[in-house]
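Heads up, the thing below is written out as structure tokens.
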Amino acid sequence: QPANNGPVRIGFITDMSSLYADIDGPAGAEMIKWAVQDFGGSVLGRPVEVLTADHQNKADVASSKAREWMDNQNLSMLVGGTSSGTALAMAKVAAEKKRPFISIGAGSSRLTNEDCTPYTVHYAYDTVALAKVAGSALVKAGSKNWYFLTADYAFGHSLENDAATVVKANGGTVAGSVRHPLNASDFSSFLLQAQGSKAQILALANAGGDFTNAMKAAKEFGITKNMKVAGLLVFINDVHSLGLANTEGLQLADSWYWNQDDASRKFAKRFFDKYKRMPSSLQAADYSATTAYLNAVKAVGSTDSDKIMAHLKSVQQNDFYTKGKVRADGRMVHDMYLFQVKGTKESTTPWDYYKTVAKVPGEQAFTSLADSKCSLVKK
Amino acid sequence: MRHSKLTTVTYLAILALLLAAPLLGLYPVFVMKLLCFALFACAFNLLLGFTGLLSFGHAAFFGFAAYVTGWFIRSQGWTPELGILAGVVVAALLGLLFGAVAIRRQGIYFAMITLALAQMVFFICLQAPFTGGEDGLQGVPRGSLFGVLSLASDTAMYYVVVAVFIACFLGISRIVTSPFGQVLKMIRENEPRAVSLGYEVDRYKLLAFVLSAALAGLAGALKTVVMGFATLSDVHWSMSGEVILMSLLGGVGTFFGPVFGAGIVISLQNLLADKVGEWVTVIIGVIFVVCVLAFRKGVVGELLAWMDRRKARTQQA
Amino acid sequence: MEIFGIPHQAFLGQLMLGLVNGAFYAMLSLGLAVIFGLLDIVNFAHGALYMVGAFAAWIMLERWGVNYWLALVLAPLVVGVLGVAIERLFLKHLYGLDPLYGLLLTFGLALILEGAFRQQYGVSGQSYPVPELLSGATNLGFMILPNYRAWVVLASIAVCLGTWFLIERTRLGAYLRAGTENAKLVQAFGVNVPLMVMLTYGAGAALAGLAGVLAAPIIQVTPLMGSNLIIVVFAVVVIGGMGSILGSVVTGLGLGVVEGLTRVFYPEASNVVVFVVMVIVLMLRPAGLFGKSA
Amino acid sequence: MTKELLRIEDLHAWYGESHILHGVNLAVQQGEVVCLLGRNGAGRTTTLRAIVGLTGTRKGSVRINGEEAIRLPPHKVARLGVGYCPEERGIFASLSAEENLMLPPVIAAGGMSVDDIYAMFPNLKERAASPGTRLSGGEQQMLAVARILRTGARLLLLDEISEGLAPVIVQKLAEMIRALKARGYTIVLVEQNFRFAAPLADRFYVMEHGRIVQQFAQAELQGNTAMLQEYLGV
Amino acid sequence: MPAEFILETQGLTKEFKGFVAVNHVDLKVRRGHIHALIGPNGAGKTTFFNLLTKFLPPTRGTITYNGVDITHEKPAQTARRGIVRSFQISAVFPHMTVLENVRAALQRNLGTSFHFWKPESSLSHLHDRARQLLATVGLQEFADELTVNLPYGRKRALELATTMALEPELMLLDEPTQGMGHEDVSRVTELIKKVSAGRTILMVEHNMNVVSSIADRITVLQRGAIIADGPYAEVSANPQVIEAYMGSTDTALQGAH
């Protein structure tokens, strides 16, 4: 348990330099600092400090750093950034040291399923939601026979699994899958393997740089001619770097889009002024989660982890990013969206990329408590 | 041994420091990590410094043992000492395999072959089902030593690590001065001559390799128990490079050099990681270059040489 | 049409990719062999120089719009000059010492180069576009052959043969070979060895740089691209035996193909197949396929 | 009038930190054969190496053909017309015997032709295609001498060339040195084998502990046996 | 009763890519002899030694040692049987003391060389024997010197002491006096004579003074084959030997050195 005096320290460990750095990274860290500033810079009369570190997508780096902060810096709460492998590792340390851990960038549904802990909150999205929202839309649109190109680590595995379940549930079939290392430099041989499968759809169960590179290579090798290539986790940064010409019509699932309402646009504008690009959903969630935590501290009057967790699990959040609630298993349940990338002509202003196809209520998007394998859920 | 009085004093001082470290407010997890790497470097130095073989694949033993130990403790519920034992045994076997292949070639080839074999182990760890791939093995519980003494507290764990480290350090010193160690020395000095005296040098090299691998495995296994995880970083070639740097920086072929080198490298990484980002790699590289160019004996080696010179001078005078 | 139950497109495609990879193995192991042969240094920085070559091409394109063909000449030159600088500043001091020091020093240099580029460009890759002239693919009827990849294979074979000829069949080559064994003595005969060694390292580095430029349009240009490759190349070198230049070329191409085939039949093993081959070869022929038996 | 081809003054040389030569002085006239005698470790080899520039640091003066060579790198020294045959022979393993023979670049006109060389050392012709170090010890020695005869060097520095050779070959080498002298070569011999060197040399220098301690001419040989006995045990 | 000949080769042949370096050599070495092997450069003497000590595998032929066929044994095995060679270049452990050099050889018969858990002091009892051996070669005062610091001749002496520590029955010496000054040559010659007591020595030597003064029997090799075999006086008078090896007759008796 964190000591109840001295500064309140919030830690943020994420990929600052590698393939996920644009999606979250340094800008994500800045969002946490903004949230603290906007909160007034202190809570319960104690100053709030933000520590940040780069885990380079290495679980060992993430968990050592987390442990050190908790042992030596009296860390009150940890925000986990991108990459599920690191998030699972940090969740373990946080549980051992009894500190709230809010995972944002990581997608693996294991965080609130097999590997749930009393101190984990999974805030933004997860692989089940991606599968259910993006996957089922594709199957329903007629892509019945699937082949996966999967990033070979916790996130890719979860996403492939969860998507396969959805495909099968909707009457589709899975022809096979091939796994590529995280941050792969050359996708050609994986794509040739996929090409041999004769499946209708090549689903990319990866993200960030891996997703964009796989898309490009698929084009170069002519895969796009006889297969439909779809991303299961696509961020606005990816669409931006690939360009609308290459992504038009792509359907994708996300938890937030900068242009969805006034509050979002206001946040987005402030972000844009600093970074000359629009925030990703993760960066928005970083801000939102920090605020939620600080509110909880204020509400319970201490940084006591158990009290805070109880509080977080009892109140409804309501801000520009989310209108949801944390469930017993730690899952933050909120609405998810199915977006479609606009064509070059439809897009009128800079970063005007998405149109909303569907808004999926949280209860439908995420695993139901009844299906949860989390030991915290009483059945 | 040379400088025996000074050596004893130094060792006693270090022993005292080790025992008192937690009381002095040093972060025990950090010191434990440091000791694990120091042990790793000593194991490596047994091979490079005392047999003259440069292995560029020692991460394989360190890392694979880390996985094996982690797996037995986490998935099979073994007690830590059994898990560590399993790691050491597997590392020794792996050492036997590596050795059997690599010892057929000498010098640089030996280095490249060990590197390549280690890379193979890396890929196996990346793909094998029990290692957790890129995510690594997470959340390995420390458990209770012999099922009774809980290691959950850092202090308990710390003294166990210190005990193991001291035992191994003394063990290595013994190996080096043993009859076997004498043969290793002959091999390093003049291999054909050793053959002509009737020593089947390959067997001696192999035993040295296996011992070194087993100790490196012990270091990795211990690290898993301390830190609670085993990941690909442990088997990556850069880890093999790091352990070389530690030995080189401290002083190849000296007893205490590798410990010192490990101390410097680990502290540097710790200190710099947050402040300079990727420059850490650059800094490590620069240290490497400086060591090789100007500092081949390493810190401890240069110190010993300096004391030798001084002694010689005072004798002359 | 299928070959062993694998659609022929995938089969030939993988074979083709294997050959392309093999071309890089060949070029890099060739450079390694030249440097090793002549300076007795296992150039661990070779991978990093390859990476620098690719980055040089990419930076030239981004900053100054230098096109591929020009970069194909300029980038190796840049890397060659870097090599000369490395030789003058560092390696020069190691001659006559145990070759292991050369390995360690260049390992340090590799870390420095890699770290510096990581610091500057991060680890996620940069894309380099395929040059206009070579973009597109040729449909050979039985398979689709991306033009650029065909070019890489041809270019690398030409480079390798040229280097082989220079070293094994010319007087300069004889100086170089003798210089590796006893540079002092060759110098005492009146050959300007320091100059020769410097240029050799520069040339070896330039060769790595050239491979880097050739690779840039195929893979992501990342600071890590070299270190991932170099260890496989070491294995290739061990398999081929450092004895002959031609050996490293043949082995490089051959192993690329073996790897490609493995990807078809047992993809899980494709990462390790080269190392497995290495173990087998070492068991049967400790000196490597083309090495002179000790 | 004879000309001074080599003059060494106050030559000091070091290997690392060990100071080996402590001020060597000697001079060799054109066309002369001069022999350096001394015990093992006296510094004779080091003297030759220092002339060519193969020791660590060196100080003093080495004039070859009137040109100061002390600050020149070895390849420039060689270009002044110096041929060096090292004590350890220095045959290259990666070159064939013939490539070894052809290796040293020709630095001046007037060297021996390859045919002459093969006539002098028939073994070499027979083993021409073998890797250099696969030759027997003695064959390597022949090769080491033979290859500097090709280059046109006029000042030959020969270190223990009779070592390890069969008596017939040693006799041949003696003939060869006479023939070279007749052709006007200038030769500095370092020899352990006094009986080989005694009839060949015009003058002798005796070294001890990195210094020249004695010098005498061929004619004075008889009168110096007692001294030689003391220094060399001959 | 031990056989009269300690070592016999039959039809021993070594070819290098078609070049015959050792050609069908039948050699018998009598127990207790100092047997010299001479011959012009490139005759195949070193190669022959290499065959005997298993550093090279023979192309054809057999080697019998003490009645046992050892043709296909490994180098270390023949060493343990009692055949020990010295090298053409001096072979010592430079950064070990003189005493440790000798101990290195004595240690082998202890059977504890794989015992990595025993202390160094478990070897101390060898020191007496080591000092004895050093005394035989006149190196007793140098016992605690580092070997690098010894002059060349003494290194050869040390090498001899080390070799003797193995209690060899048969010693193979390849040019033991090469590169030595005159004093050292006579010292080493004396030494060889001394240590030959109770053992057999086969040596290659170009220095005819040495050969004539200590060899019991001489075999002359030319182009890999034996051209003469017998006592010194007989062999040195053989015109074929004079032509192939000794050169002009007047130097024959005194040798070139």
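Note that the chains are named A, B, C, D and E in the order they appear, and that numbering of residues resets to 1 at the start of each chain.
Just so it is clear, a contact is a pair of C-beta atoms (placed from the backbone, for glycine too) under 8 Å apart; a residue touches a chain by one contact, two chains touch by 3 or more.
Model, not experiment: these values are computed from the prediction.
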Both-way neighbours, i.e. chains that touch chain D and touch chain B: C, E
Centroid-based (C-alpha) most distant chain relative to chain E: A
Which two chains share the largest set of C-beta contact pairs: B-C
Distance between the centres, which are taken as Cα means, of chain D and chain C, whole angstrom: 44
Rounded Å distance between chain A and chain D, as computed from the means of their C-alpha atoms: 79
Rounded Å distance between chain A and chain B, as computed from the means of their C-alpha atoms: 39
Chain centre separation in whole Å, for chain C relative to chain B (CA means): 32
Per-residue overlap in chain A, given as positions that touch at least 2 other chains: 17
Residues of chain E whose C-beta touches two or more other chains: none
Sites on chain C at which at least two other chains make contact: 118
Which pairs of chains touch, using the document's own definition: A-B, A-C, B-C, B-E, C-D, D-E
Residues on chain A engaged by chain C in the complex (per definition of touch): 17-19, 21, 56, 178, 183, 185-186, 188-189, 192-193, 195-196, 198, 208-209, 213, 216, 220-222
Of all residues in chain C, those that touch chain D in their complex: 37, 174-175, 177-178, 180-182, 184-194
Chain C-touching residues of chain B, taken from the complex the two chains share: 54, 56, 101, 104-105, 107-109, 111-113, 115-117, 119-120, 123-124, 126-127, 237, 241, 244, 248, 277-289, 291-293, 296
Sites on chain A touched by chain B in the complex: 16-17, 53-54, 57-61, 63-64, 67-68, 71-72, 84-85, 88-89, 92-93, 96, 152-154, 181-182
Of all residues in chain B, those that touch chain A in their complex: 27, 29-30, 33, 126, 133-136, 138-139, 154, 227-229, 231-234, 273-274, 277-278
